[in-house]
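My questions will all concern the structure given below.
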């Protein structure tokens, strides 16, 4: 019996890399639509292997520990900056990416973590907001203050994400989401503790399912998850908004990792994704604003929000050394450690 | 005697080599990390320092977390034990042992997450239990039973039940039931016989089960993360968080080492007990075999 | 074995209890089976019967690849771990030799290391010795954490084992290996089987350790499912679980019948 397994084993080990050319993508789950991947495979006669992670942090921990073999990864801005500093990326040859010119210059201006886009090319832009199940909640202000409402106690969630929750609190107070001012941070912590009284859970995984099914009435999260999860019928009862005080902004980028086995193909993929028609398909799939203006004419679905809606939003940047400040306060909030 | 020693050594050798290579060495890497200084972006650098340990050990919140984790895990383990005993007994004394065992194990071959989602459907605000209670007019409004400390205990019990059942079953199956018969012939009730005769001799299985449930429960982090509420965080969550979000590998390693030492103490006690048991049993058997004719 | 019926009687209490426990075990499972036929994607409410998810499942190559990986790794690592674990149990329990204490510590310590640390430490180790991450590294990792469980279970079995049987066999002229294979192994086989089953269970569900040591393209089912969680785990997975459950039940019933036929 054991022999059979060993043989099967070896077979699989050999079979998978045996195809002509392979591209290894390491990304969020369902972040790139199937048809885009298929059409890329057909256009360039190759195979795409798609592996997933569920957060920047775990992806980074694994890559930092030395895992190789992936060609492209999709870190958010702050982690892109970290990966650049830690020499984990290969610089991008813009000559191989003519479609780079299709990118929205306004979006490019926002990019402080990789000026000049030497190592990264933006993939998607988005924000974090609040979703409310209107079957259970009639009146509410489109503000972070909803978390202060005692009548909704036990029916709300916040993301289990230090930067996002602090970002929300800091925006609510009118401060920067990247502040290192200890007084601002202390106030932020107070606010979060007040919010914590009314939530039932800090959650990253089930908020979409939860708000649609009525388990939660108000959740903090990403629009695209919620819209993906619900049917048209169900979404009629859900309202997603970006609070008026503003929110966090993130840009997910395509980067080529050191140790990538197929740098050529990686460049081709990045270029492919920026083509207006392809960008429109992706945008329709994720319902996020497209960062390729020329894609506008191909877009069919309505966005959850547009780039203009994100005026008030501030990008999360890496804090470097100062991460400790946030971390200490977050541990106090989550674990009661002080 | 020395022939036996050599046999023992060689028999265990493959396992030991495997574990030394694939467990001991990687773990030593962690031990080393716990004494290093965290890099800003993860990883670790010299100089060596005890800081990761001192920061945690001197933090009252850390001990509070440890206490909460222990409390939840111990309760969950006890409940699991109480549930496992009768069912292990039933299976071990049944004619369809293997079938029943498979029946117990098979649900656990579906995916962990899928089972958690199953519980969410059962315990959620618009779920089965809530609906049932409304239907029976025990409650008026839909109630959610998710995201409470008791939810964490329930799911831990659920997830670790087979780990308690298997070793206990294994022990009961070997038990010589004629001893029970003898006890009852001597006038004992069945319950008393079970308690005083069977229970002590399946102690090995019980303790193995306790270890197989308590230790992973103490270290669990997926369950509290998914079904625990805001206060449900356990030690495993802190370890994971320090590693990923805080990018503080030394701290994460140090906390694991502290956890390891505390658990190791428990294990040492277990080894003590079993070694003593074994020595006693061996002594008894030696006595029997040397005085064979006189019995 | 003695005649249980006489001694144990009707076992009414444990029967009722067992039925309740089995209901408890199957409650979420039945729920997920029912939901695999539910029209709604994340049903708490039943919106209609459909086989849609089963159809989607069959065309989802990624999930099948992950499933196949999981099964191969589970069976092979459980097999190896059971062999190593059983040998270690016998060696440690019955013999004393100089390095026994070290052996015991080594066997039991993996039980108390949190997964996430074991995962990262193995990753660092594989990188350090320049081993390419892939199915093999997952296999190695799984065997490593299963051995201790098997040893623990087999030792529990050995503790109630009557060594005089072995001595009797030797007195009757059996050689070492005859004693081993014909006397010892059969008598501890329930423990071995229990250990094997437990290893499969552990391997099939492992997420954290697998995440860190998996290479590009070597996804297992838990990895695939966990990664779907943010976008909602599709009922396709419920469908897969239902099929898995069904086939495991069928296979094991056949296996048991088969065994009965052969050995009686």
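For this structure, a couple of remarks:
By written order: A, B and C. Residues from 1 in each chain.
Definition applied: contacts are C-beta pairs under 8 Å (C-beta built on N, C-alpha and C of every residue); 3 or more make two chains touch, one makes a residue touch a chain.
Not measured: the values here are computed from a predicted model.
If touching chains are joined by edges, the resulting network of the protein chains shown connects every chain directly with every other. The interface with the greater number of C-beta contacts, when B-C is set against A-B, is B-C.
In whole angstrom, the spacing between the mean C-alpha positions of chain A and chain B is 36.
Centroid to centroid, with C-alpha atoms defining each point, chain B and chain C lie 15 Å apart. Multi-chain contact residues, meaning those touching two or more other chains, occur in chain B at positions 124, 126, 243. Contacts with at least two other chains are made by residues 58, 61, 205-206, 213-214 of chain A. Touching two or more other chains at once are residues 44, 120, 124, 128, 226, 229 of chain C.
Those residues of chain B whose C-beta lies close enough to touch chain C in the complex are 4-16, 18-20, 22-27, 29-30, 83, 86-87, 89-91, 93, 98-99, 101-119, 121-122, 124, 126-128, 158, 161-163, 166-167, 169-171, 173-178, 180-181, 184, 190, 201-202, 204-205, 207-208, 211-212, 215-216, 219, 221-222, 236, 239-240, 243, 249, 252-253, 256, 259-260, 263-264, 267, 271, 274, 277-278, 281-282, 285, 288-289. By the touch criterion given at the top, residues 40-43, 59-62, 64-65, 120, 124-126, 142, 144, 146-147, 225-226, 228-230, 233, 237-238, 241, 243-248 of chain B touch chain A in their complex.
Those residues of chain C whose C-beta lies close enough to touch chain A in the complex are 40-42, 44, 62, 68-69, 72, 75-76, 79-80, 120, 123-124, 127-128, 132-136, 139, 211-212, 214-219, 223-224, 226-232. Taken in their complex, chain C has these residues touching chain B: 1-2, 4, 6-9, 11, 13-15, 17-18, 21-22, 24-29, 31-32, 35, 43-45, 83-85, 87-88, 90-100, 103-104, 106-118, 120-122, 124-125, 128, 140-141, 143-144, 147, 149, 151-153, 155-157, 159-161, 163-164, 167, 176, 190-191, 193-195, 197-198, 200-201, 204-205, 207-208, 221-222, 225-226, 229, 233, 237-238, 241, 244-245, 248-249, 252-253, 256, 259.
In the complex of the two chains, the chain A residues touching chain B come out as 55, 57-58, 60-61, 64, 82, 85-86, 160, 162, 196, 199-202, 205-206, 213-215, 320-321, 323, 327, 330-332, 334-338.
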